[in-house]
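For clarity, chains are labelled A, B, C and D in written order, and residue numbers in each chain start from 1.
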Amino acid sequence: MALTRDQIPVRAARELRDGFVVNLGIGMPTLVANHVPAEMDVWLQSENGLLGIGPFPTEQEVDADLINAGKQTVTARPGASYFSSADSFGMIRGGHIDLCILGAMQISQEGDLANWMIPGKMVKGMGGAMDLVAGVKRVVVTMEHTAKGKPKLVKTCDLPLTGKACVDMVITELCVLEMDREKKRFVLKELAPGVTADEVKAQTQAEIIVPAKVATIEV
Amino acid sequence: MALTRDQIPVRAARELRDGFVVNLGIGMPTLVANHVPAEMDVWLQSENGLLGIGPFPTEQEVDADLINAGKQTVTARPGASYFSSADSFGMIRGGHIDLCILGAMQISQEGDLANWMIPGKMVKGMGGAMDLVAGVKRVVVTMEHTAKGKPKLVKTCDLPLTGKACVDMVITELCVLEMDREKKRFVLKELAPGVTADEVKAQTQAEIIVPAKVATIEV
Amino acid sequence: MIKEGANASMGSKVFKSASEAMQGLRDMGVLRDSMTVMVGGFGLCGIPEQLIIALRDTRVTGITCVSNNAGVDDWGLGLLLKTRQIRKMISSYVGENPTFEQQFLKGELEVEFNPQGTLAERIRAGGAGIPAFYTATGAGTVVAEGKETRSFFRPGDGRCGATIPGKGYSGRDGKAPQDGRPREYVMETGLFADLALVKAWKADEFGNLVFRKTARNFNPMMATAAAFTIAEVEEIVPVGAIDPDQVHTPGVFVNRIVKTQSEKRIEQRTIRDGAGA
Amino acid sequence: MIKEGANASMGSKVFKSASEAMQGLRDMGVLRDSMTVMVGGFGLCGIPEQLIIALRDTRVTGITCVSNNAGVDDWGLGLLLKTRQIRKMISSYVGENPTFEQQFLKGELEVEFNPQGTLAERIRAGGAGIPAFYTATGAGTVVAEGKETRSFFRPGDGRCGATIPGKGYSGRDGKAPQDGRPREYVMETGLFADLALVKAWKADEFGNLVFRKTARNFNPMMATAAAFTIAEVEEIVPVGAIDPDQVHTPGVFVNRIVKTQSEKRIEQRTIRDGAGA
């Protein structure tokens, strides 16, 4: 059984480590915040200038001057700090963020990422995505394995890239793939319960490495 | 009569304008601060991270955390701000300082400045001088016209440069010279009382422009 | 023109209204058609909302506008789009604006997309006298097209001072932080504007600024990267009332200050589950 | 190695003494002979004085030290010079130190002079992932020797976006700010160290730092430009006790914190005329 949309962020949350500073993209990645283990101290960075995002505000706490990169009202946790966009992207570009989790439209077999131009739609811009994938130490993508039946893991992206060879891990409803930097291919690390490697390969255009033994995603 | 060492900073202070942000070098340039006209509001910047230097402290006010670029204890005036060295030199390099006044060992006829390596002595480093002459909008040099009888205004500097074509004005005990950027030569603007253009020329190796009429420095 | 006469006194920096803060700027050569304007803010957070309206009312046209976003249809830069005063946007994301979309699709509006961090750094660079710098952001993407690229060892590889050009290296590599191989970087240039409109929380009469929470965003760098900077603030305090250690933008960068009543619109009012009661 | 495992928890960041704050760093690969260390401070102002002593006591040798100055004979980096643990200094000014002079003249100590602003910017660049940038500082001087130079229109010339390379331009020009001619710039590279020792006024337990007055100087950038950063502070407060708008260095950049009793020596005690009474 493939993972549900709710289970993908649960699996992604297992990539967190105590003390990590993490940037979560808009959409499904944002939900990872709900699954940080209680005993773990994770600091969420928002590229518009906040380290230490807290929960969404109560009605009384809403503050127009305090939003996240998705322009949602948020709060700041104790120990938070505010800084300029230049300092924020200095933090990102300089490799000081441990992990970012974001979505994708296409990923190439070498880890190229395309996630900023929707084909046939007006280009809205890349926002901070290109900076994040270029600067953050580890880039994890959460996404559906296919789009309208077509593989999103492809040999070469035909959509405009967000970054070259930047994806370290992909988590879909079917599996977890991890980039092998030497071999320049993703390795099938984990399979959703009941999903087979052949099923993954059937829905994957990219050449991937399938080890003899693949673990099952704990759900 | 040539200006005294005390009169040179007085003349230099006339280059100040109300509201100017100014960086003063160590030594004679520092004395310019004593001659800011009372009705004029001039902000002194110290490149170690202070805008708004105040007077030297009283014994009680002395604070090891508050020094100027010459490492002297100072105070901060109301409205002052502290910032990092990176921000300080962003301010300098970015052209946000109106005027700097500093000393010189040699100045070439095209306005090259040499003031950081003393011949025959150990090199101590250029500190912030190269940044100041490259970034500040207007560079004024106060110095003695000659050193041990030898002209300091030369055709070409033989000492290592602090900056190329960076000096806008030179104030010595004999005269005031202003750079003409089109002609790439200094123009004799003012003479000390009783000093003649010929006397200046005799002590100047650099080719300078001497207009038919030259004003007298008011003392 | 770098803050020409900016620091020279023109009386007080404090103006009574946003429109008064624009007065005389045509004569000073700051306001003119085809000018470049930087406008602070991220979404509608920390935008100089009244200054945008005042700029609209000056009727300058052909503006090149450097701003992370383009406002919404009836607020922020959307107001200047509606009146077609903007010719070109330099932004990272412009999603929320049908007027924008319409003009863009008709070819009436030019857009230069910059990665958000590259945009922020270009503005900082312009203000700090850096004409160009290298960044890994956008290497191998359309952002790098037409720009110079070259490889360097990354900062942090091979230790201090080893961030020298990677001679003879032509490939592209991944991002394992310790592999010691050079990486491809794109050369990006500094940005500098005729006018910056910024929003701060507090100013003193010298123009020292303090920003509040995430309303800081692009405002501090923009204040440094224009020939003339006007700050819209919520409170003006006497000189000396701001702790010098807590000034975010020193007054040297600010030419005029105006106190306004901000609407502070919220784009995505999101509240905690069950917290609405 | 960019802050490898820096943020991952190793228990509290707070250590009891400067020497304890050095513990385990050899095993982590941070402390080793021939390492690069950044040390904050301007003169003796804002130097991490106890951490310098603790570093001396680790007996690492062959240090490349990035620091604006080199201390005095018996304090600050002078202590590390005395023990000959420093092989090379990257500094802007090193005047105050006979030990330094002696070793330098004997060729035992290598010195790389950087203009102070270039040094500050190289450190900031290293911390911000910028491998190289251009500056007008030092163009046409010995500082530019062996470095790439090229011409750009300066930021502020020819308006926004015009800071493009000046094609075909080879001359050097003056600095009239509006002449619209390209100017020569020097390429400088980012600096990144194995270890940064910084001095702050206050820290919270997450490592957020607040600096005091001109003791800020090089400390904030250095905290960002090393694989491992230790902060020496005068006060440690609980997480949440520092206003998030007034954090100078976010805690992500700080690995360890130690509270010490600072001597804070003064090099030039200068008092007002007649104020000594």
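By our rule, contacts are C-beta pairs under 8 Å (C-beta built on N, C-alpha and C of every residue); 3 or more make two chains touch, one makes a residue touch a chain.
Small disclaimer: the values here were computed from a predicted structure and weren't measured.
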Set of chains whose contacts include both subunit C and subunit A: D
Distance between the centres, which are taken as Cα means, of subunit B and subunit A, whole angstrom: 55
Mean-CA-position distance for subunit D and subunit A (Å): 34
Where subunit C and subunit D are represented by their mean Cα positions, the distance between them in whole Å: 28
Residue list for subunit A, restricted to those that touch at least two other chains: 50, 76, 82-83, 89-90, 92-95, 135, 137
For subunit C, residues contacting two or more additional chains: 2, 121, 124, 126-130, 135-136, 155-156, 177, 211-213, 216, 225, 244-245
Which pairs of chains touch, using the document's own definition: A-C, A-D, B-C, B-D, C-D
Complex contact set, residues of subunit A against subunit D: 17-21, 41, 43, 45, 50-52, 76, 78-83, 89-98, 135, 137
For the subunit C and subunit D complex, residues of the former touching the latter: 1-2, 4, 35-36, 64, 66, 90, 121, 125-136, 148, 152-156, 159-161, 163-165, 177-178, 185, 189-194, 210-213, 216, 225, 227, 244-246
Contact footprint of subunit D on subunit B as seen in their complex: 46-50, 55-59, 62-68, 70-74, 76, 82-86, 88-90, 92-95, 111-112, 122-131, 134-135, 137, 139, 160-166, 179, 181, 184
Complex interface listing, subunit D residues touching subunit B: 42-46, 68, 91-95, 101, 104-105, 111, 113, 115-121, 123-124, 135-143, 155-156, 172-177, 179, 184, 201, 211-221, 248, 264-273, 275-276
Subunit A contact footprint on subunit D (complex, rising order): 2-3, 6-10, 124, 126-130, 204-206, 208, 224-225, 239-240, 242, 244-245, 247, 250-253
